[in-house]
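Shared chain: subunit A. Partners: subunit B in the first complex, subunit C in the second.
Presenting the complex of A and B:
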């Protein structure tokens, strides 16, 4: 909790009127609005450099959902001088998609950057249609579809890197889930940079060291309008339960999330990837030519199931 | 929750009057009193064999605290035909120690097995004295002192193995704590068998696959009186917070504790121990000759601090 009248850790000596409005217990920082914005952008910049994500020469594509994370990230990247356009995937989830598309488009106009749109209904079917046909949990099917079209479109449009707004809370929840079951195959891939290989474009997560709350505050202080409600299908998702558990852990011991996530990256990730161990061979889908573990990729199979024609070659 | 009138999974066809009194959701078992006792003892026996803990020829020493775990374990070991005596360490913690010692002694008499007693006050000082002088958290100092005297006394008394009552909940809480900080040195040693080496006697945990609740039920059904309240120093210990978190996880997804613990043993423990990596060299304490990482071991240093003479050679 921020005590009333606390001064900003950065500007306290310069301007006594600038009171802190944000307290980050795990960084022991109290910041005014201006210095919080600076801090957030610096942290994004440092994360990009620390993990060698991309440079100012790269043409990058931000996966934009209309939520606080992706819009804050896009905004910060533009302010930092990166060449970042946006990609919005219209999932066809009623009001949720309608609102988030509108918000994303108007944000793109505000920062004068291109926002590409993929409309799932035209490509394969809406998420509600897919959910009623797929055997997977809603979020899992939606994740596969989004990853597929992000990868495909980014390549078609000539971008070098896909940038997603996954934040520390997201990464901790996923890492936690994979740790509870010690799912080594997933743990081996949990890194904020996935390099380009086998038809997969490079994918990076510059918000991996900032929290959900920090994205939200950055959006609010930067006057970014974002969609505040969650996707209606996400209710009851295990990631939400894990986030609740982690909010308890973090409250009792500030810094726990960062320690858990960064400790994994530093100490365990290298151990899991130390040898060129057997990894499942990646082929090309015979229908759409996208990378796949099987002859026909999951998305083309899903299309067939949805009674649509296979992807055009 | 056990529905009223549920029949025991084992004896339902034999005796319709024997209603189940225990439901174990993670094993999908509903059991009557008699078959729960059988189930518990079988599970202990299987765990002993699975991890090659000891055989019926070995003289083993059970670390007895007077709680449900150690007394249930001792009882089960005797019923299974093992040569198990007890070791009680009187920590000198007021009523708690007085009550638990009395309970342990009378249980030893009931099963007609020797209970050795170590009185910390005579050896080094009581836990309250140590806590007021040590710089460590209460449970950490107490743990070190107990491990030291268990090891020393078991060797002096000619036992081959120390058997402790750590249950699945204990192991999960410790594993969880070490995972949150990815403490590789501790994770490398988290196994239900620690072999004899460098002056350390073999140490095993036959209850690692049964829960706290299962020990308690076994004690109740076997008419074992045990000390029901916790050590007064344990309040606020992180292990208690972790147990609360795990009780939420387990309730939402029965079997999570076992999956987390056994998954670690199977998939991660071998990975961490795959090479003879640098391990800190173990020497002998120059004062007490017990194993130590330094010239003088932690217990002898503590003794010096408590203004007592160093351990006799």
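Presenting the complex of A and C:
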């Protein structure tokens, strides 16, 4: 816990007297507002370089939801000098989508970058409509639909890379869930960089080493307005339960989340991706031409289920 | 002490049975941990030990989001 009156670690080293407002136990750092902002942006920059995500010459597309992670990331990327535009997917979830779209649009105007919008109602159907006919949890169906349109639109719009705001807590929760069920196919693909191949555009996660709290603090310190309430479909989501469990572990043993995630990337991910492992062949969906493991991709099947016409060719 | 706090876009009234209330008391009253949540007092992020008055403008940020 940060004791009142603690001096900022960086200020202290420079003989300055600024008080810390943030304590990062896993880094043993107490920071003032200004040095926390610098620390966060440096961490993003270092992660981009460490995993060779993209360069300042690349035209990148940030998946923007209106939440703290995507907006903080977009803000940091622009401040760091990257050419980052945004893509907002309007999920059609009542007030939640209306508010998050407005927030995203106004943030795009603030940083003077283009925000592309995909409206699911026009493309396939809203998430509430999809949820009533899909046989899987809302968040899972929503994730598949978002990934599909992110990939498709980024290619159509000529971007080289999709950048998402998944943070360390998100990655730990997913890794934990996949480990609980030993879902090897998912574990094999859990890496902060997914290279461009077989019709999939390059996808990267520059916040994979920053926590959800760090991202929220950065948003507050940078005066970023973000959607503060939760998507109504996320109530009871397993990812929230896992995050609460991990928060307890982290509190008892600071650094556990980073250790679990980075240990996986360094020690387990390479084992799972050795060349002699069988990989399921990727085809092209016969309807929309997007990558698919089957003749017809999941999204086109969903469209058929929703009694809509097959995807536009 | 009775306090009005903004949490996840809505206002709540907390009744904390203490004369001196800290930011940490507010987090506890909302059943939140400082591992993922923090208090913003009059527009500034404050340490858990910070004393809170009834007249302060209080916002609680819970960083956990799901889905």
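In the analysis below, the second predicted complex is superposed on the first by the 307 of 313 C-alpha atoms of A that agree within 3 Å, B and C clash if a C-alpha of one lies under 4 Å from a C-alpha of the other, contacts with A are read in each partner's own complex, and residues count from 1 in each chain.
One rule holds for everything that comes next: contacts are C-beta pairs under 8 Å (C-beta built on N, C-alpha and C of every residue); 3 or more make two chains touch, one makes a residue touch a chain.
Note that the structure is a prediction, hence the values are computed from the model and not measured.
Contacts of A:267 after superposition on the shared chain: subunit B is touched, whereas subunit C is not. Once the two complexes are laid over each other on the shared chain, residue contacts for A:233 go to subunit C alone; subunit B is not touched.
Contacts of A:133 after superposition on the shared chain: neither subunit B nor subunit C is touched.
Applying the stated contact rule after C-alpha superposition, one finds that A:250 touches subunit C and leaves subunit B untouched. More residues of subunit A lie in touch with C than with the remaining chain of the pair subunit B and subunit C.
Of the two partner chains placed by the overlay, only subunit C lies in contact with A:216; subunit B stays clear of it.
In the superposition on chain A, contact of A:169 is made with subunit C only, not with subunit B.
Once the two complexes are overlaid on chain A, the subunit A residues touched by subunit B in the first and by subunit C in the second are 248. Listing the residues of subunit B that touch subunit A in their complex gives 179-182, 184, 241, 245, 248-249, 252, 256, 259-260, 263-264, 266-268, 271-272. Every residue of subunit C that touches subunit A in the complex is listed here, in rising order: 8-10, 24, 33-38, 40, 44-50, 61, 63-67. Note for the complex: subunit A touches subunit C at residues 1-4, 6, 20-23, 33, 67-69, 139, 142-143, 169, 211-213, 215-217, 220-221, 227-231, 233-234, 237, 239-240, 243-244, 247-248, 250-251.
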